[in-house]
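Multiple structures follow.
Two complexes, one shared chain (chain A), two partners (chain B, chain C).
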Partner chain A sequence: MARLVVLGGGVSGHTAATFAAKWLGSAHEVVVVTPNAKWNWIPSNIWVGVGEMSKEEVTFDLAPVYAKAGIIYHQAKALGIHPEGNETSDKPYVVVESTEAGKVGKIENIEYDYLINATGPKLNFAATPGLGDANGLGEFTVSVCTADHAVHASHELQKCIEKMRKGERQKFLVGTGHGMCTCQGAAFEYIFNIEHELNKAGVRNMADLKWISNESFLGDFGVGGLHMNTMGFAVSSKIFAESLYTERNIDWVIGAHVNKVEAGKAHYELLDGTMGEESFDFAMLIPPFAGVGLKAISKTGEDITTTVFAPNGFMKVDANYNAGSYENWKASDWPKTYQNPTYKNMFACGIAFAPPHPISKPMSSPNGTPITPTPPRTGMPSGIMGKVVAQSVCDRILHGADAPLHEASMAHMGAACVASAGKGLFTGTAAAMTIYPVVPDFEKYPGTGRDLDYTFGEIGLAGHWIKHILHHLFIWKAKLKPGWTLIPE
Partner chain B sequence: MIKEIITYPTPPSVAYGTDVRVFNEEIFSLIQDMKDTIEANSLDGLSAFQIGSYFNIVVVKQENGEFLELINPRLISNSGRVTTVEKTAYFPDLTAEITRYETISVVYQDRDGNQHSLKADGAFAILLQRKIDYTHGSSFINKLSKKEKKLFERKLKFGANIAISEVCPTTFKRDYIIKAINIVLIAMVILLVSSLFLSKETTENFWSYQLYASFLAVSLSIVYFFYAQYEGKRFTSCTSCQIGNIIGTAVILLIKLSIITLISYFILS
Partner chain C sequence: MEKKPEHNIKAYGNNFTTMTPGPFAVKMRTCVIWQFLRFLAINIKMIVVVRKSH
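Let's look at the complex of A and B:
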């Protein structure tokens, strides 16, 4: 009997674990280690953050789902990996610390034959003074990164709406809270959902909305922008975004590294090296992501973290980490199998793998501060990676250690994204976009690096309906309800 | 080499704009062509897009007569608003009122790939904004307000700054019929997808519902086809391509309907 241990139960880890359990059956063990008791459909958190959904609608308990799937579930956080075992045993294992009520702090070793690292990110609020600290979100801003954060954000938004109803003008600042953030899309959705809610509440004329982000142009979204092949024209996401911000009367500052947050004020440095500050009554600033801080220890007890993990804490995989400068970047730099180059029975998927370099053009201020979106590895690509890695591991367990690995490079992968710009059965809008490939391939597609025949975008009510249907569809899939395997990632 | 400046109604020979990644002779030669073209046409600036290149490059002629080369320019911050009457080489002899930022901050690269920044205000800021509009494949028409855009489209038709009394609308009442048909189609898809997850007893009548919905969609398509033609004829300034659009739209709707009905037949009947 072989044992697969999956670290993390987010989109990628949950997909990997549930498919592995299905393919391996009861002859082998699948173990999930995740500190969370609940699964969260994160894309819908933005609706929780404006009070249009409850926390319960975007989360569910993991234990009964894993029990049904025959997955062994440890509610715990992983502390370290011992890929060579220890002095008394060659069997690799992970050290975990329980987060389950009644067992909090209990340390346990879990042996494995194969390991999938899908821990997702640490929300690194501490990277920006005032945005938060080692314990998480600070007191001056809100976040929609978790369901609990989103509930808090919704309460704060309601307070602002009440103030506006009483005639007090409010300023909303939404975007990224550091020069190296990703997930601009989530912030984009949130600012437009706020705008939509303020309109619904009849207080839009009392609000000033401002977007602040590390993108060098509006519509970069961390993927260097995209071109939407609409009605025979290749419309840049820059034009699309600028039009939308103008239409909704949302001002913006871009190329910004937020370097300090105080009560009602965000300080930032721009790509041109100048410093500025922006006041706010309500701010939602996405934090940068980092690895969750896993340690790797050799058989002799030596710290080999730098061998297994990149400096940002994400796990090294089969990527080219020596690609050099922007002009040398190639699609082939991106990992295909997500296998760790040192320990072949370890894989990393979703946000947990270390990307070789950004997708957007790297930029920095004259002061040397890097201000570049880091590459997104969430959503659809994250699920696809999880499934492909599970396929590889299952093949190796079922057909031998030499079984070929499955591939899913982000440079050969398309992605669909539906970005909400307001919720409502008849008044909602969302931008539905497809992009192929996620990572531009400038050799295959000179110019934009993407195949414009498969890159599409449209904004409207239908997009909102799609997003809402996807919300139910993916929660259905994650709960492993009938037909879940038929629903794509 | 002096290049031909693409003017309306010729569409740009490239469909999009993209950043320069490799700074090589091809780029330097393109910049030289832009300078030659600016001089030959007595222009104040050009974007590479205007002479048929997809690279994000802007060259402007400064007051002192020297050229400023901006590769991969980005407008990162701004303040104030100012409305002026502008013209651009793509739309010769035409002007439009455009609201721009009064002062801007731009970061860009030089031909060695080094990053620089500049602050601009007044006419220079407006010129830079107009040229940067062309990077990523846009033009100043996308910066016009709805009202100004409508007026500009009328000017385009006559090729000069004159207005005409009748406007060919960009939205029609017939669009509501298309919306209704699309809603019916989406409802059919939802019914079809939900049948995969529901029990046989629940989905027993789904096929008949699909049939009713398809009859409704066909009826609406017929109404659309005739009403759209009637509506089109009311606007004499509209182009004859309308009839093609109407037929095309109706055919696409019917194809979509046929596919959904066919799949429904095999799954539900």
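Let's look at the complex of A and C:
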């Protein structure tokens, strides 16, 4: 009997574990180690953050789902990986610390034959003074990165709405809280959802909204922007983004590294080296992401974390980490199998793998401050990677350690994204986009790097309906309800 | 006077060079019949990309 241990029960890990359990059956073990008792459909946290959904609508208990799937579930967080075992045994294992009520802090070793690291991001609020610290979100801003954060954000938003009703003007600042952030899409959704809610509440005329981000142009989204085939033109996402911000009367500051947050004030440095500050009554600034801080230890007890993980804490996989400067970047730098180059029975998928480099062109201010979006790994690619890695592991367990690995490079994969711009059955809108491939391939698609036949976008009510249907479909799939395997990642 | 998207443009400001939708384009965004047709079209386009990516 072989044992697969999956670290992280989010989008990527949950996909990997549930498919692996289905394919392996009861002859082998699938173990999930994840610190939360509940699964969270993170994209809908945006609607929790404006009071349009409750926490209960975007989360569900993991234990019954894993029991149904025959998955062994440890509510715990992984601390370290011992890929060579220890001095008394060659069997690799992970060290985990329980987060389950009544067992909090209990340390356990879990042996594995194969390991999938899908631990997602550490929300690195501590990277920007005032944004938060090692314990999480600070007191001056809100976040929508977790369901609990989003509930808090919604309460703060309601307080602002009450003040506006009483005649007090409010300023909203939304965007990225550091020069090296990703996930601009989530902040984009949040600012437009706030705008929509303020309209609904009849207080839009009392609000000033401002976007602040590390993108070098509006609509970069960490993927170097995208050109879309529209009315016979290849149109940049910059044009669409600027148009939407203008239409909804949202001002913007871009190329900004937020370097300090205080009560009601964010300080920033711009790509041209100038410093500025922006006041706010309400701010949601996405933190930069880092790896969750797993350690790797050799058989002799030596710290080999730098062998297994990149300096940002994400796990090294089959990517080209020596591509050098932007001019040398190629689509082929991006990993295909997500296998760790040193320990072949370890894989990393979703946000947990170390990308070879950003997708957007790296930039820095004359003061040397890097101000570049880091590459997003959104839901669809994260799900696909999880499934592909599970396929590889299952093949190796079922057909031998030489079974070929499955591939899913972000340079050969598209993504469908639906960015909400306001919720409402007849008043909602969302930008529905597809991008192919996610990582531009300028050799194959000269000029834009993307295939314009498969890269498009438009905003409207239809996009909102799709977003709402996807909310229910993905929760259905994650709960392993009938037909779950038919719903694509 | 009804406020149109172009009224938000500030001369020589950040958004001076952008395009803004006219009232018809804005109306169509939430026109249920048109959006139902777009719903079908977008779903087909997305399914094609999803299939190409798996």
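By our rule, the second predicted complex is superposed on the first by the 489 of 489 C-alpha atoms of A that agree within 3 Å, B and C clash if a C-alpha of one lies under 4 Å from a C-alpha of the other, contacts with A are read in each partner's own complex, and residues count from 1 in each chain.
The working rule: a contact is a pair of C-beta atoms (placed from the backbone, for glycine too) under 8 Å apart; a residue touches a chain by one contact, two chains touch by 3 or more.
Remember, it's a predicted structure, so these values are computed and weren't measured experimentally.
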Clash-or-fit label for the pair chain B, chain C on chain A: clash
Touching partner for A:447 - first (chain B), second (chain C), both, neither: first
Which of chain B and chain C A:465 touches, first, second, both or neither: both
Partner chain(s) touched by A:326 [first = chain B, second = chain C, both, neither]: first
Contacts of A:485 with chain B and chain C, given as first, second, both or neither: neither
A:456 touches, of chain B and chain C: first, second, both or neither? second
First, second, both or neither for A:367, with chain B first and chain C second: neither
Partner chain(s) touched by A:271 [first = chain B, second = chain C, both, neither]: first
Which of chain B and chain C A:109 touches, first, second, both or neither: neither
First (chain B), second (chain C), both or neither touched by A:380: second
Intersection of the chain A residues that touch chain B with those that touch chain C: 239, 242-243, 462, 465
Complex contact set, residues of chain C against chain A: 5, 8-9, 14-15, 17-21, 26, 28-32, 35-36, 38-39, 42-43, 45-46, 48-50, 52-54
Residue numbers on chain A that touch chain B, as the complex places them: 216-217, 224-225, 227, 233-236, 238-239, 242-243, 253-256, 270-274, 276, 326-327, 361, 363-364, 366, 442, 447-449, 452, 462, 465, 469, 476, 481-483, 486
Residue ranges of chain A in contact with chain C within the complex: 239, 242-243, 245-249, 251-252, 380, 384, 412-416, 426-427, 429, 432, 434, 436, 454, 456, 458-463, 465-466, 488-489
Residues of chain B touching chain A in the complex: 14-19, 21-23, 54, 72, 74-77, 105-107, 115, 117, 119, 136-138, 142, 182, 186, 190, 196-197
